[in-house]
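Presented below is the structure to which this report refers.
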């Protein structure tokens, strides 16, 4: 589903935000991405939905490679993904409903199918009652849930979530996490960047920890190493 | 510093977001505001900086009353406050530095004084090295810290922070919290809305819990009640 | 079609911006239209004036009338000639009185010679042809003098040429200005919607999808601008001609349609150009 | 002053938007300017033509020259009269030849009567006064007939009035359009900066502080638009007058300053109006 091969990403003034990063995520896997502020989590996600291109190395997502992809193929890639942004990115002048429907319209879903899908997604995140509210009429947590609903609505093969619970209380956080697990159970791969170590500890999903643009811990590698050591 | 007297706030379609809320915050006090998503925390903060007016009841802040204040006095009130918004509200087309300086320019601080104050504030939040970065070049946590620096820079008598650690990892969260404590120690009252129960538990500051627009717990009241019960 | 709905939505969302761009298209076409009408009317006036192009051959006083009549028939057969009038001495006096207006009482004596007045066919009224015919007339034995207002004919043609060149030049200049303004308006629309566009891209919209509403918007605005310009031009012409009480001609249906099409083209070209340039920068 | 810096910054940040509003101001003032120049030039032409307003009193043929000279002196003392010329029969013929152009060979006989040509002072050339003077001349015993082109004078005055009214009307209309367009531009600027404005408010900026850069922006744009319009008008007039080779007058310094001031006022009024209306809605 995702393969990073020796990926380096330099930003103009900063230097390397990612430095020789390699990892892969299988179909249907659930992976946490952690690390301190500025470690490079959002940068990895941007490379996956190809908003940024690597300075060096290769990013492969859903069969498309950052090395060979043509600009006009990027929309095709993104239609297979669901993305929850750290800063929500809702349209201020559209209702919650319209914001979710937007993702479907853009990809040419027939109008007749849109209504049902939208209300199902909003119900999933517990916001059916706020369908006709505008973003400014929603609390921070409610906006975050609208963003999640938008990412879910077109049944992506891979869901990318950047800090999707930053504005949520513990109960809502558990709710959203359960939602992501359900989606994952139905076959969608999930990659979630988060600061919430509780979530990581409480579940036994794979987690990758970043620091200063390098992978400093990958629970899958650690497990393999432990098994190897045990086998010796 | 702050006094809410039987405050009710109705939003057009929603009904009451706050319902008969009364509490007060003394000069120099540190208060947490907690509660689930949509409980009304941001609404209380908006009432304090008078972006919204109460439907019923009175809000008094720094000697100004929501009942009698004239629109042209609102800027005077806000100059005494430092506000950290849940959604940062940084200007996309200005550098971190310029975003912080902005708050000073607007209030007519002499140009010569601005530079020093700005770099001190950015250093306080640990972002001196990113002074000339634009918001889109900053990670989520870094943007949040710019927002905090902007709120600090004009030495407010009251600092209002709406979920200032939502995008921060544990270490950065502790850093920001320490910063708020330091500011509080120098005499500034702090009101902080947060979902982070750890912070509340680990410190012994007063906390007010909201649910569905009502105060369901206030540690100051609880303590008073306990003392009264003990005295009986 | 969501694109159409989106572009109409743009009108509701930014009525002023839309009105502004329609108005600018309308104003530029209006200017072109006014100028075009001036040209149309000048041309018509010129045609009427042109009909008066005539060559007058004064006949020696003692020439027998039969000889003049014969010569007149001869001259009438020239390819360039439309008609030949024989003007007797009495008619010449009558005409002089009429033409010289307030001094008419003053002409008493019969001192004007008879003449052959030659009108040329339309298409043969340019200075060169007139010269040529005048020379042939001069060659006739009984003709004493030939007059044809050379200066005047040359001026006439020069004026017509200036009008034509100015029409094309001003038309092009105004079209360029209009396209630039539409481009600017669309650029503003693109900037105003830059957040929306970037989000569209992130959820998988193709460039064609993003571009379409802007093109439709430009097209519709162009049509509306063209219609408005036609209306304004019509109004202006009627007010002016009513006030100054002179006869004017309006565009025919075909030209009106050309105007609408020009508006649509300007809208489309301006927005296509602007979207093509500014979309990649968002 | 951060307000000035801010408003200049606006030019750099939105060069196209700024250019557009300057251009619209310039174009509207340009239109007014062109029209104004037409008026100025028409007026000048009228004044020159007006100088030719004369009353010609034809004298009976046998009148002694001394009597005519005496009468001329008498007439010269009328309050309305600037000068009186005595035109003898020979001079009359000479003039007729000059004025009638191509027919000059034709005038052989001495058939024009002598006349007194009366020029009126400027300010007394309106139809009513001319009539009055003509009547007084008619009362002189040796005067046979008085002519003064009544039709022509009346037409002249009517034309002048039309030009004046049209100047004022068109000027007002264009100024309104320009102010509306500036208002629209400022509204767009306000909308484009709505996020910035709301953040300014939240950190304690007063309304005056928020408003100032928009007003300065409008003012500066108005001045620039006015200057551009002056330049365009100058260019247009020189091209046109060079091409058609007729004499034209440009605005004097005072009028040019008035143009700049008008631009500044339009910019200021438009932005003040628009900011006042749209700022509270942000």
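Labels A, B, C and D are assigned to the chains in the order they are written; within every chain, residues are numbered from 1.
Note that in this section contacts are C-beta pairs under 8 Å (C-beta built on N, C-alpha and C of every residue); 3 or more make two chains touch, one makes a residue touch a chain.
These numbers were taken from a predicted model, which means no experiment stands behind them.
Among the remaining chains, not one touches chain B and also chain D.
Between the chains A-B lie more C-beta contact pairs than between any other two chains. The greatest centre-to-centre distance from chain D, using averaged C-alpha positions, is reached by A.
Centre-to-centre separation of chain B and chain C, using mean CA positions: 70 Å. Chain A and chain B have Cα centroids lying 30 Å from one another.
The set of chain B residues that touch two or more partner chains is empty.
In chain C, no residue touches two or more other chains.
Contacts between chains close into a ring here, every chain touching precisely two others. Looking at which chains touch one another, you get A-B, A-C, B-D, C-D. Residues of chain C that touch chain A in their complex: 2, 13, 195-196, 198-207, 209.
Listing the residues of chain B that touch chain D in their complex gives 49, 51, 72, 75-79, 81, 83, 85, 89, 91-93, 102-103, 105-108, 111, 150. Chain contact summary for the complex, chain B toward chain A: residues 11, 13-14, 34-38, 41-42, 86-88, 132-133, 137, 139-142, 145, 162-163, 166-173, 195, 197. Looking at the complex, you find that chain C touches chain D at residues 16-17, 19-20, 23-24, 96, 100, 102-103, 106-109, 111-112, 147, 149, 162, 181, 184-185, 187-188, 191-192, 243-244.
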